[in-house]
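Presented sequentially are two complexes of subunit A, the first with subunit B as partner and the second with subunit C.
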Partner chain A sequence: MKRIGVFVCWCGTNIGGVVDVPQVAKAASSFPGVVLATDYKYMCSEPGQELIVQAIREHRLTRVVVAACTPRLHENTFRKTLERAGLNPYLLEIANIREQCAWAHQKQPGRATEKAISLVRRAVAKASRLEPLFASTIPVTRKALVIGGGIAGMQAALDIADAGHQVILVEREPTIGGKMAMLDKTFPTLDCSACICTPKMVAVAQHPSITLYTYAEVEKVEGYVGNFEVTIRQKARSVDHTKCTGCGTCWEKCPTRVPSEFEQGLGTRKAIYVSFPQAVPNKPVIDRRHCRYFAAGKCRVCEKVCPTGAIDYQQGDQLIKEKVGAIVMATGYDLFEWEKVYGEYGYGRYPNVITSLQFERLINASGPTGGKILRPSDGKEPQSVVFVKCVGSRDPAKGKEYCSRICCMYTAKHAHQVLEKLPGARVYVFYMDVRTAGKAYEEFYLRTLQDGAHYIRGRVSKIYPEGDRLIVRGVDTLLGRQVEVGADLVVLATAVVPSRGAAELARLVGISCDQNDFYTEAHPKLRPVEANTAGIFLAGACQGPKDIPDTVAQASAAAAKVCALFSREEMAAEPTVAQVNQFLCYGCLECQKVCPYRAIEPVTVSENAAGKKIERTVASVNSGLCQGCGACTVACKPGAINLKGFSNEQVLAEVDALCL
Partner chain B sequence: MRETARQLLREREVGLVIGYAAGSEAYWVTPAFIKEEAQADRLVWNPFCVNSLAKYLINYHHEPYKVAVVVKGCDSRALVRLLQDNQVQREKVVVIGIPCLGVVDAKAAALKIAPGTRILGASVTDGEFLLQTESGTLSLPRGEALCAKCRYCENPTPVLADTLLAEEVAAEPAANIYAEVREVESWPREKRSAFWDGHFQRCLRCYACRNICPACTCRECVFDQTDPCWVAKAHNLSENTAFHLIRAMHVAGRCVDCGECERACPVNIPLRLLNQKVIKDIKELFGVSTPGSRLDEMPALGMFATEDPDEFN
Partner chain C sequence: MRLAYYPGCSLETSAREYNHSVQLVGRLMGVEFHEIPDWSCCGASAGHTTSRLLALALAARNLALAEEMGLDVVAPCAACYQRLALARHELAANPSLWERVNGITGRPFNGTIRVKSIVEMLLSAGTEKIKSLVVRPLRGLKVAAYYGCLLVRPRAIQIDDAENPQVMEKILRAAGAEVVDWTHKTECCGASLAVSNEEVAIPIISRILKAALAAGANCIACACPLCHFNLDIRQAKAKRFLANYRPLPVLYLTQLLGLAMGQGERELGLEAHFVETRSILKMVG
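Then we have the complex of A and B:
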């Protein structure tokens, strides 16, 4: 016979002010199996817990019911209390009579008391069927995978590697650095982006604990926290990097010119190329789509000129398998494709309407114009520059509902840069709001205003050409009138969106995205750098629009979480996982399809049936992957799956206690 | 059909052919399990071949040989159910498909003739149903004689077959397929409740409906389990209702609308009406086709996708 103790908490007046707590305890004392029912002001306090410990010892209790607040708050507290008294911590059941009773029914104390008694009856029924559970341990591979080599990925990789762990960094472009490598100066300090970014890139390449795969993508992720197995596809570079010295002869002589991604289409590169002079690694790849040899079968110039014989047209993709214990997602962002929807801005047909990132390249000393602001159409210096903010942001009709966070600040930066470089030029900024929440951000914006930038509050309704200029028509909502501004150059602050392919990658890795395809954090406030799958962490703009300081902070936070996971050789696994009764299982595998964590795999069992040995398929749960969500248990028609701690028997007993 | 069976057996393509053989009466066929070429002559095909043979396949799941099975359009959906539930392996089945003009509800047909008159045979054409009896041939409009499920058949031609024994038959547009369901939906709650109580009350809990169902292939059905006791064994309205609702939910999104449960029921409980209500609702909610019509479309309720709507957020 189970000996159950019931402990009803007043929670000061939180519960006691509505529910008649002593009466609940009195009613509980008559429930089957209950040998002790008592109440106390604050059960979670030190004396409250001591009361439970003493009672367990004195009354030789074998199951404990605490009627108090939500289990989310103190289930762990009271589990530890049981442990201190020598009981298995999973022999505890909580009845939530605060959030689900006292707080919800403050106006009807009498009925609230009745409900509290029912909730305790339910908890007692379940408690009498609880079984001890034991946490298992799973080994941890102390090696991390970082996906994406922007500032977020680089920072996370360096932090984890500096803590003494191995890191694999996978970047799909030929170089690491991400967007930060493309920027000119960074707000609010205006220090040169390359000056702070390239040293990081070099540090990553040189770190003895970091293995860098550029021009590579993650193809498959299997396993679970502490024990992932990833397959990485190293795309064919067509250049043997062990032989290549990066001398540059090949891309000097290559006859094919194509628009450069790094220059955002404002400059060109060759078919064999490094993205930019400081690229890491500083060795070329052949872009097979554009290479003449791959397209037409003729050329082979690079092969002829390469002094080390590094060109290898036959090179194929390579698949690399790595075992890792944790994964950091750092895939960053792209800019919203405004050309597809903003017809009123010309659908990208006017060469002098450019994006903010193109502007960064225009103003960059190492960019296509050597840092001179020249308008793309004819290379003239613009006398009037118009910036349009929130293009695609805060625009649910055509773009995204959210605010992209960084545009206010970089537009202030750009406006300042124009005024500094082109004395006498006029600068107009169309804006909806100016949001400058950040250290020294508002000061930075005010300085731009003092520099002479004209801020006009309102949306731009049309941009159209007139002669060799553009007319920007909008409304000034503060003055309540139409405005038209002549512009030589228009810069659109386009929305930040997740990098291309982010949603597919999420599916492949096994994490979820929000409606905009930004990766979802496990808890928006309390677990902002963890994904909802154990062992996977988030860093940088892939989780939501962010500037560099926030990106770096989140990357370091993710690294700290990885290091905490790696601090032990083994980790404890929650015992509340699903378990398949293979006798009942008929192998339909519906459970496998509904499991959000891919924790279920088919296995073959053999058994004797009428003297014959037969083999059949049954489901099997990987307790490392299972998060105890319970989806499979409801999908299973014969009831072959039980979630430990929430078994079918236990849940049915609860239902009976409440309904019969 | 006989020739196909003979050939399959002769060439050791299969170890068994499951088809129809004549029953003790002309309006009655019985499943035939043919293992030898010589026996293939027993096979028949006529408008009384109402019952589905697909579920017999699971009995041969572990045999080393392949099994051939004769399926009509609706039966082919049942086969898809078994395949999707991993109860049958596709490589181990040879599907002999019969494009079908509809099978006959023998009970309904019997009402049209004088009691005691022996039925000798029958045939169905596009428009009419001919019944040969001792006292001559009777012609009935096709609609009147067909089984309910055949009136709005979505797949007269099997959705899956290795050989088809006749020309494909195109489906007629079935706009009214859920007319009966809509009718019941329009009733006030009390009337619906009384309607189902009346039927559930009569249920014998013989489980014939479950045993015949191609979607019910569990090793130990929840209704047979004692610990936990999902539904008590007592025979009363409350437990009967629990049984019916659990059964309906276990086949929700999976029931292929083969109508076998209703046919097997000894007390004529309108199980198909309940199933169709669920099929209709799931179709409307998830935009799927009738379960079993497509091998690559898995049951709507048996999937997880991150894009699934989450109304609780």
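Then we have the complex of A and C:
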């Protein structure tokens, strides 16, 4: 016979202010199997836990029910309490009478008490059917994969490598550095972005524990926490980097010019190219889509001029397999494609309407204009520059509902830079709100105001050309009237969106995205750098719009999490995983279809039937991958799958206790 | 194609030439119009600004009448079209409101018919059909297609992009005209402010004319009596804001189509405009 103890918590007035706690305890004492039911002010406190330990010993309790807050908060606390008293920690059942009762029914205390009693009855019914569970251990490969070589990925890779672990960094562009390498200056300190970014790039390239794959993409991820096996596709560079010295003759002589991605289309590059002078690695790749030889079969100029014979047109993609124990997602962001929806701003037809990232290239000394602010249409210096914020952000009708967080600050920086570089120029900033939460951010914005930037609170309704200028028409909501500003250059602060392909990569890696395709963290407050799949961590703007300080902080946090995982050779695995009863399973594999973690695979078993040996297919759960969500148990038609700790029998007993 | 025809008040009064040209071109294109018997106000202008319920009920009555005929309805006036189409959409999205409105009108509208703008009607026949009927291509005409605020708005019922629509351009090109790319095709014409507050309306009108002139247009095509009223009649007042003014004839889309299809200026009512249209006739030859 099970001996169950019920411990009802007041949680101060959180529960006790609504629910009649002593009455709940009294009612619980009459439930089958309950030998002790009591209450206490704060069950999670030291004395509260001690009360449970003592009760377990005195009353020889074999199962424990705690009626308190959500198990998300204190389940672990109380499991440890049970362990201290010598009980298996999984012999605990929590009844959530705070979030799901007291807080929800504050205005009906009588009925809340009734509901609390029902919830406890449910917990008791389950507790009497609980069985001890034992955590197993799984080995950990102490090597990390970092996907994305922007500032987030570089920081995470460096931190993990500095802690003494091997790191593989994969970047799909020909160079690492990401968006930060494109920026001119960083707010609010105005230090040169490249000057603080390029040392990191060099450090990554030279670190003995970091293996760098640029121009490469992750193609496949298998396995589970501590034991991933990843396949990386090294795209054909058409240049043998072991022979190439990066002398630059090839890209000087290449006859094909195409718009440069790094210059955001404001400048050009060759078909064989390095993205920018400080690129890492500083060796070129051939863009086969634009190369004359690949397109038309003629040219081969780069091959002729290469002094080391490094050009290799035959080079193919290479697949590389690596075993890693943890993965850091650091895929960064792209800009919202405003050209597709903002017809009122010209659908991208007006050359002098540019994005903020293009503006960064325009004021960058290494950019297409050598750092001079010149408008793209005719190369003239603008006398009037209009900045439009929230293009695609905070605009559920046309763009995204969220705030992109970084635009207020970089626009203030841009405004400041225009006023500094072009004395006499007029600067207008259309804004909805100015949001400058961050150390020394508000001060920077105020300085820009003092510099003479005109901030106009309101949206821009139309931008159209008149002669060689642009007319920006909008509303000043503080004055309550329409405004029209003549502009030589208009800069749009377009929304931050996940980098292209982020959602596909999430599916491939096995993590989830929110409705905007940003990667979802395991808990918005308490587990902000972990994905909801064990062993996968998030760094930087792939999780949500972020500025550089926040990105670096999150990258280091993700690295710390990886290092914690790598601190032991083996890790404990949650025992609450699904288990297939292979005698009942008939191999329909409906469970495999619904498993979000790809933890179920078919296996062949052989057995004796009527004297003959037969082989049949059944489902098998990889307990390393299984996260215990229970989807498979619902899909299983013969009821062959049980989630340990939530078995069909246990769950049905709960339903009976609640409904009968 | 058989359609219920909703003329609306303007087409009976200030925009009779629009009415005539729609009927003419429609007939040429094989459309059979059946005027809605006992049609009433669509709810535009003052109606919908005073009461949403009134506006919906006014529109719903006409929709119910058309539905009794069993025909989709075409409303050449952009304001009528927008009121009727939007009312249909709003009622469909709100069953309890729909029931209430049906109670008010006493004529249940069941939502089985659609509302078409003049542009939709012309396009549904296909540009090939238009091309086949053209006997006098509008060569030499540089047309600024002007949609005004209602023809492609709001989003819930829009038939083309609200910022840079192209449906009128498609029709005009099929008639052999050259269309200009310009910036003010969906701007407000000043609407009824031209009556109540001319000082506000005239600069608005002049901006549209300025943009059309800057784009090199030699005429404007429109599909709304109020737009026409403002751009045509008030051009004389708006021109004082324009440095490089030259007269810019404003024609209904169907008048231009009628010309291309060989109809006479008298039948199309070209003489009814305030800004001389003779220059257009000369260009077309």
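Here, the second predicted complex is superposed on the first by the 554 of 660 C-alpha atoms of A that agree within 3 Å, B and C clash if a C-alpha of one lies under 4 Å from a C-alpha of the other, contacts with A are read in each partner's own complex, and residues count from 1 in each chain.
In the analysis below, contacts are C-beta pairs under 8 Å (C-beta built on N, C-alpha and C of every residue); 3 or more make two chains touch, one makes a residue touch a chain.
Treat the numbers as computed from the prediction; the structure is a model and nothing was measured.
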{"item": "First (subunit B), second (subunit C), both or neither touched by A:432", "value": "neither"}
{"item": "Partner chain(s) touched by A:590 [first = subunit B, second = subunit C, both, neither]", "value": "first"}
{"item": "Which superposed partner A:344 touches (first subunit B, second subunit C, both, neither)", "value": "second"}
{"item": "Partner chain in contact with A:638 - subunit B first, subunit C second, else both or neither", "value": "first"}
{"item": "Contacts of A:617 with subunit B and subunit C, given as first, second, both or neither", "value": "first"}
{"item": "Partner chain in contact with A:203 - subunit B first, subunit C second, else both or neither", "value": "neither"}
{"item": "Which superposed partner A:464 touches (first subunit B, second subunit C, both, neither)", "value": "second"}
{"item": "Of subunit B and subunit C, the chain that contacts the larger number of subunit A residues", "value": "B"}
{"item": "Sites on subunit C touched by subunit A in the complex", "value": "155, 161-164, 183-184, 187, 211, 214"}
{"item": "List of subunit A residues in touch with subunit B within their complex", "value": "506-507, 512-513, 583-590, 593-596, 609, 612, 614-617, 631, 635, 637-639, 648-649, 652"}
{"item": "Footprint of subunit A on subunit B - complex, ascending", "value": "62, 85-87, 217-222, 225, 227-230, 250, 298-299, 301-304, 306"}
{"item": "Contacting residues of subunit A [partner subunit C, same complex]", "value": "342-344, 347, 397, 462, 464-467"}
